[in-house]
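One chain, subunit A, links the two complexes that follow: it is found with subunit B in the first and with subunit C in the second.
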Partner chain A sequence: MGGFKGGGLNMSISIRSLTLNEYLLPGNASCPGCPASIGLRMLGKALEGRYVLVIPACCSTIIEGPYPKSSYGVPVLNIAFAASPSAAAGIKAGFEVLGKGDIHVVVWAGDGGTADIGMASLSGAAERNDDIIYICYDNEAYMNTGIQRSSATPYAAWTTTTITGKSEHKKNLPMIMAAHKIPYVATASVAYPLDFVVKVRKAASIRGMKYIHLHSPCPTGWRFPSDKTVEVGRLAVQTGLWPLYEIDHGVFKLSDICKPLLDKRNRKPIEEYIKIQGRFSRISKEQLAELERYVESLWNEIALMIEKSKMSEGGC
Partner chain B sequence: MAKTEILTGNYAVAYAAKLSRVQVISAYPITPQTSIVEKLDEFVESGELNAKYVRVESEHSAMAACIGAAATGARAFTATSSHGLMYMSELVWWAGLGKFPLVMAVVCRALAPPWSIWSEHNDVLAHRDSGWIIFFAEDNQEVLDLIIQSYRICEDERVLQPVMVALDAFILSHTSMPVSIPEQSDIDEYLPTPGSRRKPFILDPDDPLTHGNLTYPEYFMEIRYEIEKSMNSARRVIIEAGRRYGEITGRYYDSLVEDYRCGDADIVLVNVGSSCGDAKEAVDLLRDEGYKVGLLKLRTVRPFPFEDLRRICSGKRYIGVFDRNYSFGYGGILHCEVSSALSGIKVPIQGFIGGLGGRDITLDDYVWVFKILVDMADRGVEPKPPIWVGLRGVV
Partner chain C sequence: MLKQLSWLILLLEVVELSYILPVSKPSEGASGFTGIWRSFKPVIDVGKCRKCLLCWLYCPEAAIKRVGDDYMSVEVDYRYCKGCGICANECPFKAIIMVKEG
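And then the complex of A and B:
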């Protein structure tokens, strides 16, 4: 595999070890404070350009800029909304048959293209264990069409199609992917870029289907100032709403950043996350309590998964 | 030496894909295409064909995977039918509009409701505007020959568009006929080296290129015009490929149409697909009775053979067009196209609709159709709305 000059699979990489090369070029068409542009930049630095991108309809089809230019310094296949996992599988098959199997094929898709319209195709690729890296940059709504709800929109959040707040909880995509028993599942956040880089590199070192779910706070859609993307992303993690973990060949590992949060006293109050986002401006006390219950159950499940993984490791 | 085997149309497809040394296959089963994907699986798993087989969960994904494979320069193949083609449709257009050279066999089958598994051409013709070259095969030999030629055509730098080969459900797909299978070495020489294609583009990290990004109106029309230029070039490339194929196999396909006794005919019937065989038999029968009739078989629907059609139909007394499809509120799709292609040529054109949902089209049906055309010509009557052949309860 790649053999990265700086950092490799060492968990404690530093920002200085990353390549100075840029694979998301200046002049791209992202909004101010765009989380996808942070993710795309770090993805490029993680894989140092030895990959192709497959992008379905999403904000990143805009960020790349219009023909005849492109802001992506790697080859890109734009593809129909629901088709990216299978197109990536076809690319990988083509590369393998042509002796270019060392080139990583990365799907870069939004939450709508992943959790909703692309779900069948994604499940198909996971079941076949296609050798691709799938990254869902999750901005928790259909942002490209102007902030409509997706199944990844959290409970109580305003969108233009849930104007009184969404009445359902967020679909748990990473766990759905884990249920496919693929070799690698991870959650990440654009607010913790080095953690994301390490996870991308780990994914690249594994053969088979890899899924990384990248939490991506969107100033435009979530209604917060564009200089607060990282702050909002950190609060999502620190409040326990977005736990960072890996499921590496079935073994659940809570990421170091999140280990203290197993003790609920170390989690920041959810209000801190909620209050700086316009999309939650009309949240009721009851809805807030429901979100607190959601976080509680999320972490109960995590504690169980940690126990289970310890048992299975011990049993080996 | 070529050898002759008794093959169904579906096996002819699979053998042709193997002879073409396809490198990536991605397909999803649907009746009556299924035995194609089964046979190909057998070829791949037995090691007879060195290809990656992406066993997808839908036709939508099958075409997406073929597009991905074609984007690397690999030789890609799929096959589908009817609802499979409709479910795949978004990506069928993506392949055509994105200039992805690949080949697909479509076993023509009626769309539901009501459920039907039998032949009708609306599935293929719904994609006539999608940038694909579209062939209709008459028999299983043509099926095999056309699939092989399609790779030479689609990978030609003057074309670089995908190709669809249509074969009728059951009438070809499940009917066994003798098929001459060319020597592998002849086909290896006939086709470009698999995977050697670099145009119109390939995904290469050393030469990054973005395919298909947002295009503003000031560039969009030129990109569309490129496809039309390819289609125009395809007319010549198809003939060249068919001629060269004739040189190695003895079976020449050096025209976009097949002219069956049209030269001195007064009456010409235009048709596509498997029932052309019955129509030719009707021509022979009626010729024996002194009727000057002929059959004009369209081998391609896209690119449309305007020139041949205008040349052959000029000066005739009456033209008939037989459609195994229907465009509700208009009539037969080919009737519409033939009428448009013959504009300015003073010849009456009568449409016939038949064989929908696999309804048998018999020799007697064609004799009846030709005799109606002769009668209309003799009486000098104007064409009527399309005549539905064999419609029960209607005189």
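And then the complex of A and C:
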């Protein structure tokens, strides 16, 4: 993978170029090592305060803190689960009328709020191509209510409602969003913050519906030590389980960090990712083999999409 | 009448609208001084630090401060650092160690 351990370094922007201003303020309620916090901090640095947040119930509403204080340096609308994309579209329309159309409206929602409970209105906003940025921070379960499985929980993972390991695979949300033909879809990881910042800025430069899916390893729910958040996130990418890519106006582009992974030999063994997480501690050989098949098919699909995008770009 | 109204507006501003309407205000320490949660604390060895800023980038709490004339030196804000250890784990030069509190 080259370069530093923090692979997100060989990007088109540098750490130094990020603003010193913070939009997630210290002294908030997140667990030590929280991935949502890393994501929220980077979101603030990407948009430098020119945004408002719409947040349905999730860990990030708790991180926000109790009234009369807020840990977020920007205005936040807290709203019922299924309403966030529509509410965001309404706020954006209001800004347009007031001549403040340059303020970005960002939905920041969990995987439960996105893949399950908010799915219908998210699909509606995508179909209408509402001018919002939707970011799903994916900690792969309903963490805030006690680690219940969501449709984004991966196969074989323990949660309090899948005590022998989940029997279904993770729902492929980014691809479902791409099927709506919205102008911009991207995957990102808290382990590669600069890549995430670049993608958020790209999304902000595009009019219409933008969707970014941010992989967010959660020490509390995944059962790993709090200092391993970034390491686990990096392994998810390096093993091929969480590919980083963009679909920019229909054109699929594998992110540079992941290009070597097209060759199977460059992917780390899945065990490296699995073994440091308590939620996979009881995984069987068969389940591991099934996860390996899943990664294989994921990358076969990616190879096909790259081919297809090359063809359409070539004008065939 | 108009005079009374302007007085009322002034009064509202003084008492702070935010405490009358249920609107929270951005504040550090919304959940207190979270440094007291810590059981291990990160200690930076300035001699080993190569100023790569990765610890600043990854700290979930914004508890690593950029200091010095060029903002290229790093310092821990122990009032809020929760002791997660990510900075120590990510430092490529092993310049941060976690020391037991107490």
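Quick notes
Convention: the second predicted complex is superposed on the first by the 304 of 316 C-alpha atoms of A that agree within 3 Å, B and C clash if a C-alpha of one lies under 4 Å from a C-alpha of the other, contacts with A are read in each partner's own complex, and residues count from 1 in each chain.
Heads up, the rule we're going with is that contacts are C-beta pairs under 8 Å (C-beta built on N, C-alpha and C of every residue); 3 or more make two chains touch, one makes a residue touch a chain.
What you see is a predicted model, and the numbers here were worked out from it, not measured in a lab.
When both complexes are overlaid on chain A, the residue A:120 reaches subunit B alone and has no touch with subunit C. Of the two partner chains placed around the shared chain by superposition, neither subunit B nor subunit C is touched by A:146. Legend: residue contacts after superposition of the two complexes on their common chain; A:229 is shown touching subunit C, with no touch to subunit B.
Once chain A of one complex is fitted onto chain A of the other, the partner contacts of A:79 are limited to subunit B, with no touch recorded for subunit C. By the touch criterion defined above, A:68 reaches both subunit B and subunit C. After overlaying the two complexes on the shared chain, residue contacts for A:87 are found with subunit B alone; subunit C is out of touch. Residue contacts after overlaying the shared chain place A:193 against subunit C, while subunit B stays out of touching range.
In the superposition on chain A, the residues of subunit A touched by subunit B in one structure and by subunit C in the other are 64-68, 70, 72-74. Subunit B contributes residues 23-24, 26, 50-52, 54-58, 60-74, 76, 90-91, 94, 195, 203-205, 207-216, 219, 223 to its touches with subunit A in the complex. Contact residues on subunit A toward subunit B in their complex (touch as defined above): 49-52, 54, 61-62, 64-68, 70, 72-80, 82-98, 100, 103, 120-121, 123-124, 127-128, 130. Looking at the complex, you find that subunit C touches subunit A at residues 18-19, 22-34, 37-38, 52-54, 56-58, 60-63, 66, 71-72, 77, 79-80, 82-86, 88-90, 92, 98. Taken in their complex, subunit A has these residues touching subunit C: 4-6, 9, 15-16, 18, 20, 22, 24-30, 32-35, 37-38, 41, 64-74, 193-194, 219, 225-231.
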